[in-house]
Amino acid sequence: MSSIEEKITANFDGIEVRKIEEGRIEVKTKKEALLSTLNFLKDEGYGHLGLVSCVDRIEEGIFELVYILSRYLVGGEVAVDQASLIVKTEVPRGNPTLVTSVKVFETAEPYERELHEMFGIVFSGHPRLTPLFLERDIDLPPMRKDFDTRKYVEEEFESIPPVED
Amino acid sequence: MDRRQLIKWLKEPLKMSNKYSLHVVYFCTGCGIIEIPPSITARWDAERFGVKPVATPRQANLFLITGYVSLKTLKPIIRTYEQMPAPKYTVAFGSCPIDGGMYWDSYNTINHLDKYIPIDGYIAGCMPRPEAVFAGITHLWTLIDEGKADGYKKYRRNYSQYRSNQERLYGELGWPPRFETEGLENE
Amino acid sequence: MLEAILVVAFGGALVSYFLGRWTSRIRDYFALGVWIAILGMTSYLHQIEPKISTFYPGFLGYDLSLRITSLSWLFAVTVAAVSVLVIIYSFRYIKGHEKRNLFYFLLLLVNGGMMGITLSGDLLSFYIFWEIASWSTFLLISFNRGKALPAGLRYVVMSVIGSAAMLVATLSLYSSYGTLALSDLSTHLATAGGGYVIFIFLLFFVSFGVKNAIVPFHTWLPPAHSEAPAPFSAVLSGLLVKMGTYGLILIFYLIAGMKIFLGLGTGIWSFHYIISALAGVTIVVPSFIAVLQDDAKKTLAWSTVGQAGYIVLGVSFGTGLALAAGIFHFLNHAMFKSLLFMSIGTVERKTSTRDLNELGGLVKRTPVLFVVTLVGAAGLIGIPLTNGFFSKWMLYKTLILEGNPFLAFAALVGTWGTVLYSYRLIHNVFFGQLPEKYRDVTRTSFSTYLPMVILSIAIVFFGVFPGFLLGEINVVTTSLGFTPLDVQLWGISSDSGTVNTLNILAALAVVGVMVWYLFRSSAETTEVSQEDSYTAGAPVPQGRFTYTADFYRPLEKIIRPYLKDRIEDFYGMLVGFVGVLSDTVRRIYTGYVGTYVAYILALLAAVLLVQLGWKPW
Amino acid sequence: MVGMKIAGIIFSPIIGVITGLLLTGAARKMVARVEWRYGPPILQPVIDLIKLFFQRPPSHGKTFDYGLIASLAGSIVLVLFLPVGRLCPLSEGGGLLLITYLILIGPLGMALSGGEGANPYVSIGISRKLILSLGYEVTLLLILLSVMSEYDTISIFNVVRAQSENGWSLFSWPLVIPGLAYLLILPAILGVKPFDVASAPQEISSGPHVEYGGKYLALSKLEGGLSEFIGIALFVNLFLGGWSIPGSLHLPAGVLGVFLGVLVFLAKVAFVFSLNVTVSASFPRLRVEQAVKYLWSWPAFIGLVGLIIVSAL
Amino acid sequence: MVNPALLLAVPLALAFLIPLVRLVARGVVKWIPVFAMAFNFIASVLIIPRALEEAIVTEIGGFPAPFCINLVAGPLGSILSSFIALIGLLVAIYSFDYLREVPTAKYYTMYLLLLTGATGIVLTGDIFNLFVFFEILCISSYSLVAYQGNKAGIEASVKYLVQGSIGSSLLLLGIGLIYGQYGTLNMGDLAGKIEGISSPSAFVPLVLMITGLGVEAAIFPLNAWLPDAHSSAPSSISAVLSGVAIGVGLYSIARILFTVFGGTALLETLAVIGLLTLLVGELSALSQDDVKRLLAYSSIGQMGLIAFGLGLATGEGVTGGLFQLLSHGLSKALLFLSVGYMIYRSGSKKISDLQGSWKRTPVASLGFAVGAFSLVGLPPFIGFPGKFLIVRSALLKGELFYTVLVAFVLFATVVEGGYFFRVVQIIFFKGTGGRRLKREVAPVSGLIPLVVLMLLILIVGVYPGLITGLIDSAAAELTARSSYFTLVMGST
């Protein structure tokens, strides 16, 4: 039973598969090939999407989206190697748009809303990209590295005068 | 209940009754609330001092804010504060309500809570222990005695400023102003 | 004088119909004027010694007579008073309706029929007025379209059965004694055999039980009351249902006389005890069914069945105090039940719904209606300063002191059912958040709430000074052969337990003023709108913040299985049987001429054969 | 006799209110002791009242105020009809039947005033209160009927006088069964812990009292204390012989006798109350259906058996 | 002094005059039946006072008493003939322009013949003459039933023809036997000669005659023709048929039983059969959805009630029966006429399509309600005294058997109430959704008979004393067999 790496490389071209350590495999894929990869992996048994998160690599000018998949059941009984798979893809900081993966994993829906709110990444096809946590709409998404939180606090909160009698 | 106490009771029953019967409504935000159950139950027993938790702000006169206040929870805090009947006091736990504490530079935390609602007393400590809570309460007694715990009067006096601060923070608040804002400097 | 009353009543009905076709305003005032005149005439007859006057000499060999006794005077005045108020109420209620002339005609006809019933001097005129009242009630019940039709049909079938029973009883009385006048019937019945008296009592009990909705015959009442137009359901449950009580008193006490009625059978199996046990069941079961109803009028209808149980219990228990309690409760029930039906009718007209789960918050829009309904509900429950309390107190006292606490227990448990459903009526209609669609509900007009205000004042007045009514009732009970009660203005004083409404009033007033003063002197309050309510900090959700739906759901889960109405299914089965019978009979006419000819020859052959065989002729 | 009447009219409501407050204070103290806490001073309710009367609460309209006033007035008037020790000012005013109806005014007044508060918690509280009252009322009526038919009178004063002659009815044969049933439903009548479904602070944030602020809360606390007092006073009068001392010794006549009578009565009330509080301190709150199912099973059965025996004798 | 013979001669002559007049002046044709019936009504009303003291016996054909055909206009005969004339007059007015499409002269001739037949049966004193008038009545009603020419009408009238002819032949057979046996056809003479009915020689002809007449009088097994005939005949005709024809049939049975044969023993079975007819009629009416069929079945029921009344054999019972006969005649005529109107406007006979007709035809709906309430026997209307008298006389007999029968009668009343009130509800309160043909408003002349009938029902209902006096003497004449004999024979 060939390992998962050969399977991935066999099926997709332009994809890098690297084994970081025992039980964690990293898969780098293109933005366009993301959905097909996720589908393929889901069929391979990686049915659980643990997390969708984003790393702001400001110096390379990209957002690196990380999908963590893990596998529990293989053909019905508990899988031997509890390997978790980390799928990464990159999105340019200029116009961060990506197709939503809700169609493959419904659980991705709140994560993608949060990424939209905090990083400004637009997931096309997402059912409802409404604000999730923030009470007020802030012009620059706050989690971005170029967001100066001290300046924001200075302008927004310090400018409100204390109450004198 | 010695003779001096009795005279104090007869002279200013309002102060005394407010001191020895503080019905508390806890606003459980941030990490402070975990300190409240031990303060009520057997070991520290707040009821000795007449401090009793009650179900609704209508029945309460002490408002305990137990931790950092995020932007989203400030609105319910303002509503609850305004629903309490008049002689009411607010006590804030920990350093976060004072100036934001360790979240001082977070875009989501309210740094100076007393810009939006009057706070009568702070209990320092990154989550004060029950003994500190009782120390705070007994200090509150002295404030009440000296008449300095008049947060509710300040709120009513400077309601326009409070109101404008709140509106600056949220834009549109969603409920009408509690008191007529113009020309209320009397009180 | 008596004939004048009836002529005015029936004549008024006819004239008001034709007047109405011309102008409606004059018709309203004409109808009101007619009934105020009748009320004046009946109250003028107060305290006169009983007299009989035949008003129609030769109707099929009888002369129909009218008769005024203290008992019939009391019922007649109540009928007249309540119908005056109902007519005032229906000025506004029926204003837009297309068939309003028919409504007025039938309403006045029913009231006239009831006046006839109370004033009739012999059983035949009693029967005639009874029938007139019944069929005009049928037409009025099925006045609103929709579900009113089956309700009307069910009512009319049961009331025709009742009248058939009464017809047989009247005629068998005639065939054995040759006379139908009430006065000399009582002398004859004194000598009658026990079996015959029971036969007559049973037949009369059937016909009066149908009208009075005693348990086995009560199934027509809830649909009929909830579907009839509001002013009429006030008359229906306030007065018409009580004509059965008048009949019962007439037969049991006036004609048969106390000795015979109470002498039938011994101990538990005596006739009057069985009826009181039946009345006890009528109190308990319908009261709890009323608690689970969602439709306001259905609740009131079931409560009428329950309260009618009180009255029958009072009448059939047999002691002087019990009879006085029964009659007093009839007067009270006429007051507060017609008040409640009128107020619910007004609410239904304003909000076009009477479903308790959708109403709410009307206290801010119609405060007068709220106060009036509150007084009515207090009377229904029996809060001490209302007249309901006094009659119930008398009933319990005599039940307990006469030594059968189980009837008292049934009556008291019935009261608690009343507490539940009458508070639900107040709470679901007037309290809670005012829904958006009732924001613009207008205030009640003068002619609508005038009758209700008068009734509520009467409830409280007779609650505080029951002496006025008790005086009249005392005259009635003594005329029926019971020992007079020691009646004061403020209540009844007897060694075995007195009740003094004046000191209750005084105590409540003084204490109330003191508490009000304590309330007024402490810190002043600020007025707050209904949106400013405790919601644990969240904003008040618009339209979803009222919780009056399924008010008694926990209780419903426990007692729902026990309240299945088996009597209704039995009647359904009977009707089904008659339907099947009629279908089979219809098969006889097959449609082929051959079979028809065969029938003719078969009859001929059969007759000849029988004659040849057994020679019967 | 008239002096006694006037004394009664003045003192019995005061006694009622004060004992009501003291009872609530003692209850909080006892519950604290059960939980190994010191608990507030006994006079804590008085302090609470003084504080509440100075607060400036919001009001929701006319019925919101006058409903509460009527409820408190109704409860105070009820005390006039109840023999407190020997003081029974309006004893001939209607007896037990009037009391069963006057008991209604307190909760109904509270329900009316809470109703205008237009808060869903109020509606849930009131419906639970009425369902619970239906639950225990069935047994209470059975008990009252058996007492009344046993002593063949409807005046509670005669009942107590009869007990002072031939011993407390809790220990006389037929009435021990209703006495037992009464004890079983006493927590439900008082609305204490296992049965305080109507004003549960945690679940429905104290039901009808949700919108009560300063003086409204004060009046409702007074009414609560008073109705607890009434519940126990009814039990003491019916089954523990009101002011009579057990055995053959009789109270001295005159003012001293009256005073002693009141003291004896209050002692009995205190004892029954403490018995009850210990029960309530150690029980979790029932759901409404469970409460009604319990109340309609054992206590109702015992009450019915009592009534059958009494009416059979 | 009006000779009763004129009562027959005038309508007969006018009946045959109609075809001639139609040639000359078409418009006048519809006035002739009105004149005829008006004359009859006035004449018979004039006869009543004289007939009360002493019945008028007139000989036709010049022969002495036992051999001539003589008319006996006693109180019974005169009342019934005036009743027939009244109904005939009203229906004549009603069918003035009710049947606008095809009112050929044949309708009016047949109509007049029917009424003359009925009057003849009522007045005759000779059983063969009874048979002759009986034939005139039946044949004219056969043709009138089929008058509308549609398939249902023709089929119903053929059935009616078959059963009617069997009935008439049985009647003729009975008359032949009696003539062979006693040699005379005069009722008075026969009353003298026939002693008991137990002997077969008297019993067989009696049964034959009763069965023959029974077909026309709608007794239980023999009335299978009535539902189809009355429902498919035009409303005016079914009003006359139900009101008059079957009533007259029942009169003839009573006359045969009481005066000719004096078979009082058979009366008890007549009561039982009457009760059976009542129950069958009412029960089968309950599940009908065609309003005219419903009325037809209710006519069967009412005939049963009248037979039950007559079968009680006491003076009061017969009075009740006759009173109910009149009340049924009036109410049923009113019902059929008002239903005719409603069907004319709503276009279909189904009950559910009648809803909302109170708005389209207010007077007719009111008429239906009054008729229905009076048939059920509710007080202010004429039905109540009728039912009251019957029930009173039954209870006065005192036997348990009769009280049980009364219980059945009242059960039937309840069933009757059930279906009549359902229809009244649908008419008045169901809503205005019914089918609505855009025919213009019905002619005013149609409303006059309705209003007159309503007034009559109400007035006689409130003051029954007006006609109970007359009916008592009529009942006395019926039950007193010997006085009839001396009346007819003694006068020669």
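Observations
Lettered A, B, C, D and E in written order, each chain numbered from 1.
Definition applied: a residue touches a chain if its C-beta (ideal position, glycine included) is under 8 Å from a C-beta of that chain, and two chains touch if they have at least 3 such contacts.
On a predicted model such as this, the values are computed, not experimentally measured, just so you know.
The minimum number of touch steps separating subunit A from subunit C is 2. Path length between subunit A and subunit B in the chain contact graph, taken as the least number of steps between touching chains: 1.
At the far end from subunit D, in terms of centres built from Cα atoms, lies E. Taking the mean of each chain's C-alpha atoms, the chain whose centre lies closest to the overall C-alpha mean is C.
For subunit A, the chain with the farthest CA centroid is E. Of the two chain pairs considered here, C-D and B-C, the higher C-beta contact count falls to C-D.
If you average the Cα atoms of subunit B and of subunit D, the two centres end up 37 Å apart. For this pair, subunit B with subunit E, the centres built from the Cα atoms lie 99 Å apart. Computed from the mean C-alpha positions, the centre of subunit B lies at a distance of 60 Å from the centre of subunit C.
Multi-chain contact residues of subunit A (touching two or more other chains): none found. Taken residue by residue, subunit B touches two or more other chains at 56, 58, 75, 83, 86, whereas all remaining positions touch fewer. Counting partners per residue, subunit D has 54-58, 205, 210-211, 213-214 as the residues that reach two or more other chains. Chain pairs that touch one another, listed by label: A-B, B-C, B-D, C-D, C-E.
Remark: subunit C residues 361, 363-364, 367, 370, 374, 381-384, 389, 392-393, 396-397, 400-401, 403-406, 408-409, 412-413, 416-417, 419-420, 423-424, 426-427, 430-434, 496-500, 503-504, 507-508, 511-512, 515-516, 518-519, 522-528, 530, 532-534, 536, 545-548, 551-552, 554-555, 557-558 touch subunit D in the complex.
Contacts from subunit B toward subunit C in the complex involve residues 27, 56-58, 75-77, 79-80, 83, 86, 174-175. The touching residues of subunit D, counted against subunit C in their complex, run 13, 53-63, 65, 68-70, 72-74, 76-77, 80, 90, 92-95, 97-98, 100-102, 104-105, 108, 111-112, 115-124, 126-128, 130-131, 133-134, 137-138, 141-142, 145-146, 148-149, 152-155, 205, 210-211, 213-215, 218-219, 287-289, 292-293, 296, 307, 310-311.
Within the complex formed with subunit B, the residues of subunit C that make contact are 523, 531-532, 534, 536-539. Those residues of subunit C that touch subunit E in the complex are listed here as 58-60, 127-128, 131-132, 135, 138-139, 142-145, 148-149, 152-153, 156-157, 160-161, 164, 167-168, 171-172, 174-175, 578-579, 581-583, 585-586, 588-589, 591, 593, 595-597, 599-600, 602-604, 607-608, 611-612, 615-617.
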